[in-house]
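As structure tokens, here come the structures.
Okay, so chain A shows up in both of these, paired with chain B first and chain C after.
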Partner chain A sequence: MTINSTSLAGIPPVAGPTAELVLRPTRVLRLPRSPKVIAGLVILGVFGVLAIIGRWIAPYSPNATDQQNWVRHVLVPGTGAGTGFPASYYPLPLPPSAAHWLGTTVFAQDVSSQLLAATQATMFVGLLAAAIATVLSVLFGVTAGYLGGGTDEGLSLVANVFLAIPGLPLLIVLADYMPSAGSSVLLVAAIIAVTTWAYTSRTLRAQTLSLRNRDFVEAARVSGESRVRIILVEVLPNLIPIVAASFLFTALSAMGAYVAIAFLGLAGSPTSSPPGLWNWGEMLREGFANNAVRGGWWWWWAPPGICIALLGTGLALLNFGIDEFINPRLRAAGLSRRTAKKAGISLRSTLGMTPVAHRRAVAIMPQVTAMRPEPSSVRNAAEPVLTIRGLSVDYGYGDQAVHAVVDCDLVLRRGKVLGLAGESGSGKTTLALAAIRLLRAPAVITGGEVLFHSKPISGEEPAGTIDMLSATEEQLRAIRWSEIAVVLQSSLNALNPVITIGAQFDDLLRGLARAGEVLGMVGMNAERLRSHAHELSGGMRQRAMIAMAIALEPQVMILDEPTTALDVVTQREILEELIGLRDRIGFATLFITHDLSLLVELADEIAVMYAGRLMERAPATSLFHAPRLPYTYGLLHCFPPLHGARLAMEGLKGSPPDLRDLPSGCAFHPRCAWAMPRCHQDVPTLAPLDGSAREVACWLHRGEANVPAELARPDPLPSGSGRSGSIARVGEP
Partner chain B sequence: MKLGAAQTPTASTPVIPVLEGRELTKSFWVKQGRGLLAGKARVHAVESVSIRLDPGRVTALVGESGAGKTTVGRLLAKIIKPDGGEVLLDGRPAPPGRPRAYAAQVQMVFQDPFASLNPVHRVRHHLVRPLQIHHMASGDLEAAVDELLRRVALKPPAHFAAKFPHELSGGQRQRVAIARGLAVRPRVLIADEPVSMLDVSIRLGVLNLLADLRDRENLAILYVTHDIASARYLADTIMVMYAGQLVEAAPSVSLTDRPAHPYTQLLLAAAPDPDRAERPALAAHGAPPSLLAPPSGCRFHPRCPYVMEICKRQVPPSVAVASDHSAACWLHVDPNERRVNETGLPATTTARDLLDQRN
Partner chain C sequence: MRALLRRLGVYLLAAWVALTVSFLLPRVVPGNPVAGAVARASQSGNCNSQCVEAIEAQLGFNVHTSLWDQYVQYWGNLGHGNLGQSWSENASVSSLIISYLPWTLGLLLIATAVSFIAGTAVGVLMAWRRGSWLDWVLPVATFFSALPYFFLALVLVLILGKTGTMLKVFPSLFGYDIYGVTPGLNGPYIASIIGHAILPAVTVVLASTAGFILAMRNNMITTMDEDFVLVAQAKGLPARRVIWYAARNALLPVIANFTVAISLVVAGQILVEIVFNYPGIGFHLYDALGKLDYSLVQGIFVVITLVVLAANLLADVVYVLIDPRARQMA
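Moving on to the complex of A and B:
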């Protein structure tokens, strides 16, 4: 090879490093600030800066030979005079020194200068290819997805054809066939781009297809927005995370491909004609071809290798960050693990079980000897099945904890329906699921006691009292489903889509041939056992879920908004069946809903929850006819009546509080019409009202002020069983 | 606020409706089966629905899921084209397509306030765009945005204009969505279940806002909902849909107090009502029919407790049961006429009997 000086002049400097593209300070792409992402950004940033300023800081031209120091004539041992072999010399590279920080090649070229030039070329190819591919994929994918129909079919066909072209082999063949192809970075970048854009295009098309039907796009269309603007302004910004991720990915694979063909000697040698560019692959190739590894000249081959690995890692880390951003569940998982460790809670042992903070594990308690006195609120004769006392649940740990449930008491009784009402986010689901330890981390039970007084209706499960918060996983597994059944809020999607309803019953009943009978109990035909979930309507699926819940004759049934997604008629039918089953099997029911008007018809006792606390608890009829809490009063007046004169109603002012930023004192005070100074400072706790079977957490009823007439209506006579025969509506305010 | 306006404009009222749909019909083609066996099936989503919207009135469209309420709303907003029937604006056939002039008259508010605002744009963007598109604000855009936010009671406006949708509560988002609909000063607002995704405690606020807009700005509003109690509260007229067809229409109080169609009765009986003395016993059971192959005759007949032979064979005509109250049910057709249609089978029940039977 001949050595002459070629400089990198003529190659346009690489525009802004990738990092800048990712860090746009919009909400679109606020990357999680995890160490991984930061490391990725730093790596990319360093390479980006080096690529740009490399030309100016490089001490030598990458091709220049250090004539002074070049050790030209090292005799190959075993040759030359006296050996019988003609003297053979080989060149020796110079190790790192002050003059050459990273030493030299065998041709006495400065490795650090080569490395800088190579960084520029490699990154340039990567970014150029990624830019071309991104433009192509956005153009094709978004247009196809948004326009749909024939355009979509045509464009998708084109994309699929390109998808079938293997990128690297094509590049190798082309470069081999036509040497000038390999040495032209533009051409290399273009070929890589053309063979990779189709992947991203497909993803973007699918995403656009789903965005197109989103309401905000339809709304823009309704307001008369033009197509181009809808695509550019409404749809595209929502795709930025995907575009960014695929940009990084294409950049990475393009650099890989470039390095690969250069290593194979197909990207044109910088010293041949037409000259290729110095890049990491070329450096490695030359090193390997000249025995750099065998000669132990690590300074020659290691730096380009490390650069490839580092840049690859940087891009991968960033990609991971974007993935976390796109998929919040990943983010939550990562965060909770870390913060939990900080707060000193081990999550490992508690997979699938709500962790309990600061508690030692106790086995099944012996038959209860000393039960604590019951809260005075309940005078029901029916015996308690599940006693919840002072339960507190946080999401998150330490400073970041959100107190979703604070100090709640509830008692479920055999054959009774306890209604839990409250606005969205008030903590109803959290309370119910934490009590049976079904919540996953980051939920943590931070205090309280939950006792399950088991008296199995059938089967040989243990009788006696189980402390739910210290029970082991096996103990919990033994009672879940068989003794305590849950119909989850999202249960419409809880059935397994791939196996039949019958097969799911088999799993549950373990061979008991009662599935048909159980389905009959919820008003479904046994025929349905052969159906898959998607063949059933929403109402049917909900019935199937309830059937599974009652199949093992549980003692406690937790129903979390079981009918919210259903039509009123279906809802009514399912409720009728539930009440029938309750009467037959005698389970205790916790019925969670935001629909207070439904609960009044259904429940024996109602507890009202606000911002994580229980605020009022009373027999259903009392609560409806004579609410004591301003919030309950307001909630009851949110439901327009079906009869009588139509009156303007005000409902509740304001909106539900943010648990992260609760008002001081009584959390309801900003919305309360009767708030007093004290309400701004002190948190009221649930306490029995004088002479009644009910409890309320409100300063109005602590003798602080005169109770307003609206909140002092006479309590309808307690009817013992909760629901009274006939109810007359007490006059409207 | 004016609630409970008793009378509805009927055919005799001289007022020309702002927006009218006549005999609107729409079906969708859906894929059935998989792979090579996939065929297309026809969903009869809306059939022969006539509806009128008058200035200063709220018309409610009530029915269970899949009844075709949203489809009617989208037909009226001209987001989709009807297969049959026509849409009249001010008594004249609306121009084909969806020109901007039409968009400036008829606006739509969507059900899900979490989906109907673009998460990447601030509130301001959502309000500024319609203003710009329709050249509404000559000059001072900021003032126009402020004014809009004030109209939907989002104060202080500057504070809300700068927020992203995820920083707002559900009720606030729905207010922004309504403000966007109002930006072009439309005369018709089609609100598709505007409160069903909202918390009960904030629903009334949005309903009252709609009532206010009707009264102050003389807006014609179509209120689509499955909650008949809220329809009674807000609307002047209620129309009930079942399986793609209108089955009953009347002023809201007469409709809820004296429902004439068995389906409306079922809907009312099933609605939660704490005032009821006892849990209601439902007279009818079963699920709504598949719209791929709707039942013959009256589409409600497989569930109807009063079903007669004729119901299975012939589509019931729309009958006036009172001056401004109509129902599509054979029970309200004179038994003699019914007998003529029915070729010989005796009619046993009359409308009066039926109404008396109802508790």
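Moving on to the complex of A and C:
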């Protein structure tokens, strides 16, 4: 009766776009505590209790009948005294009353007693069928997925054949040829299970297939564990959410099927011999067959139908909970309008426009600008094209908000490369995407200012400055891509899989001639315009993405780890192309990466982020050769440099902090080798170091202690002049 | 083409399994199904001697050939489109089914098309306007998706049907006004057909739309999180175009799972036809069950299976047409 949402949405189909399931080893099913799940559990609980105790609270036996008192006798017209015919009566069911909560049937039976008995049978058969079907689907699906090869082919074929044959007609034929089936609950359940297991089996197979190649399963295999043990211990526990969702879905369809065949009179009538069980479908059948609808006896046929719908809703709501567990993107966390309103955010924000909580922005902004004059040495450099001041971003609203970016300042200058470095989760991407308001819900910009200084066109118009955070949708759309373009890390996901590269250029340019020309600029053949994303290699896709980004000759290019997913050779080629393009078109670049050594070759200036805050900012060479921040020092010793002297690789202790539970004081202090008592208490802010263009947020440099030798190397660029380097120049002594 | 041929192979195999099950069942079921069947029929009091003979012949009694010879003959008959003889209607099963099929297919096509389009559109809208009042559609849709088709049909008959007790707006029995109009190409007949199709169609649409809404909403939310949607936004494309980008991709799993959806709709419609005495194959399946007309039951089962398999194949072809990745494999 329902198309299951879990199975349709959460699970990747054989050839569709894959909704990747996040399944970690030994992660048990924990349902989100949403109203939906609670409502589902309550409904299921009530029906469960009724099914168990129904037998005792039912006022009568479901078959009990009292032809005298439980029906109203109506004289058949044209009979009785004066007509010459003996009086003849027909029975009418009684509406609900104190004696019969849900009235009676035309057969003088108590509806509420029948309903309670039917609840038990319907639930029992549904759950039994679901249990059998789940066992079948786990056996078939997991075996097929794990063993693969010929076994997989064979078992999948069986499942696909069963899936293709329509269930209910098969069920009808099966039940019809086994007239005795009605009296055997087990047989009914088995027949239902046979017609419903295949779908779940297919989903489980797909999941097992993906689990099979995970590291922890691989490890178990290498360590020589038996297949059965691996399946039982390593694979199955990770399938629990899906098995649970499937069980609920199967229970729901099994009850639907049971009710349907009972409605058709194929599940055994309670009055025949051997007797079948009272169930909701049988009640509906009797009512329908005896004109309950036309007679207006709603109390007879409506309750069983409402029960089916309610129980079905309960199961479906629980299924939602599991869906949201399996696929967290479905969770509406932080989307509630009430919490948003409390935090002063209008959720009517347009798609693709990160909302701005203006209230706080106004409060913070003037202070920020007042407090932080730009260092004098930088002020004289190239004119800024994008100015970010005091930008703060939260995920979620109110008390549950996670502060992903706190009070960040960045200035991107014309034709320059600004590197933004940090570990994953430090807020680099959040900062960059917030600046152009591309962050999705539940992200909220809670403060700051982002100004885009547009280049004067043909020298006549004055350079316009646009406040990105108060720009209208139209203004933003006009700036996007034509002035500020973005290249994301994974180009496979960044290209639309179902349309050609050419069609994606078509969004930007009229006519494919220019598109071919731009492709040529990144070393691709114009032929590729007719290709789809999946037909290109990783490097090709990233080139196509870059070609798209430069197509409109933007003034700002945001590169979010553009080469991380590529091999070293391709990475190098693409970086060189980017530098070449930058020289030709002259865009300013915000280059986001976790690879500091890469930035040193590319960037004029580097900013280092940690736990949502900017911690150090300096000209690239200074930062590389003479880091001032312990964290930067650690990062630099994570990657072997491509050129230059050999260094001992020490790396960073520990792992990046959880933004929901940041350490007090300086967020880095638990991992810092030089942490002092003050670091545990006070948050350091970014401040200029004496007499240089660089800034650092670290108590070590505030005269509180002796600066360790590692953090006090002589700055190679004391003048603070930026450097528009090309790769060829980089690394030369 | 390869992937499509593979799917075709699966469907052919499924058809073979269904036909073989339909052949074997009456012949291998343990016990004496005739006695059981006759006993069941006598309760409703309509199995005469002709009926008993027909059941016996149908169940493979009084046949002095081997099971294999019967099987070969069965396929030979099927090859000629011969599905046997219906004793209750005294006509060939295939001719009967041909007369039932237009009613079912007409209703099925229109109702599925409407519910697919409406459900998909609402699903897209819900994902687009997440956090708005549209979220309330979710529990409502869940409730409707859990509602059995035939129960919904009963409720609609009660409220809107002329045989109901409340508003008495739409006809709710039979495929057309069997007393008032003469079948043929005349206005009143066609108008009557349309009027009689309204309630059954509304039932199927109401009950099946919810499933499409939920599926599309969830796929859409997942897809909107993809990078290519972010890129579309970064390109400054209008919201409508961004949504279209996402919707086209989100539609793929829905079509890939059409198999399950169509089976459910077909199953639901069988029951809806019964409630409305709508003269399609669903109603006649019910009718034949009651009359123990096994030839007719089997024939209808075979035809429903073939119709569903054909719908699946169609969905596969559509999938290949709209997903270039599948096209490459195909």
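As a working rule, the second predicted complex is superposed on the first by the 575 of 733 C-alpha atoms of A that agree within 3 Å, B and C clash if a C-alpha of one lies under 4 Å from a C-alpha of the other, contacts with A are read in each partner's own complex, and residues count from 1 in each chain.
The definition used in the following text is that a residue touches a chain if its C-beta (ideal position, glycine included) is under 8 Å from a C-beta of that chain, and two chains touch if they have at least 3 such contacts.
These numbers were taken from a predicted model, which means no experiment stands behind them.
J.: Determine, under the contact definition given at the top, whether A:Gly580 touches first (chain B), second (chain C), both, or neither.
T.: neither
J.: A:Gly464 in the overlay: touching chain B, chain C, both, or neither? Say first, second, both or neither.
T.: neither
J.: Applying the touch criterion given at the start, work out whether A:Gly390 contacts chain B, chain C, both or neither, answering first, second, both or neither.
T.: neither
J.: For A:Trp481, is the partner it touches chain B (first), chain C (second), both, or none of the two (neither)?
T.: In the superposed model, A:Trp481 contacts chain C only, not chain B.
J.: Go through the superposed model and pick first if A:Ser424 touches only chain B, second if only chain C, both, or neither.
T.: first
J.: Which chain makes contact with more of the residues of chain A, chain B or else chain C?
T.: Touching more of chain A: C.
J.: Shared contact residues on chain A for chain B and chain C?
T.: Chain A residues touching both partners: none found.
J.: Which residues of chain A touch chain C once you look at their complex with the stated criterion?
T.: 1-5, 7-10, 12-17, 19, 36, 157, 160-170, 172-174, 176-180, 199, 252, 256, 259-260, 263-266, 272, 284, 288, 293-294, 296, 298, 301-302, 305, 308-313, 315-317, 320, 323, 327, 329-330, 332, 335-337, 340, 347-348, 350-352, 436, 438, 440-441, 476-482, 485-486, 488, 490, 493-500, 507-508, 532, 534-535, 545
J.: Quick one: which bits of chain C touch chain A in the complex? Just the residue numbers, please.
T.: 3, 10-11, 13-14, 17-18, 21-22, 25-26, 29, 31, 33, 36-37, 39-40, 43, 128, 130-132, 135, 139, 142-143, 145-151, 154-155, 157-158, 163-165, 207-208, 210-212, 214-215, 217-219, 221-228, 230-239, 241-243, 245, 248-249, 252-254, 256-257, 259-261, 263-264, 266-268, 270-271, 274-275, 285-286, 289-290, 297-298, 300-301, 304-305, 308-309, 312, 319, 322-326, 328-329
J.: For chain B, which residues count as touching chain A in their complex?
T.: Answer in residue numbers: 1, 3-4, 64-65, 77, 79, 98, 100, 103-104, 107-108, 110-112, 115-121, 129-130, 133-134, 164, 169-172, 177, 180, 183-184, 199-205, 208, 211, 226, 228-230, 232-233, 252-253, 256-257, 266-280, 282, 284-285, 287-288.
J.: Which stretch or stretches of chain A touch chain B in the complex?
T.: 26-28, 214-216, 218-225, 233-234, 237-238, 423-424, 537-540, 567-573, 576, 579, 594-598, 600-601, 624, 634-635, 638-643, 645-653, 655-656, 725-727, 729
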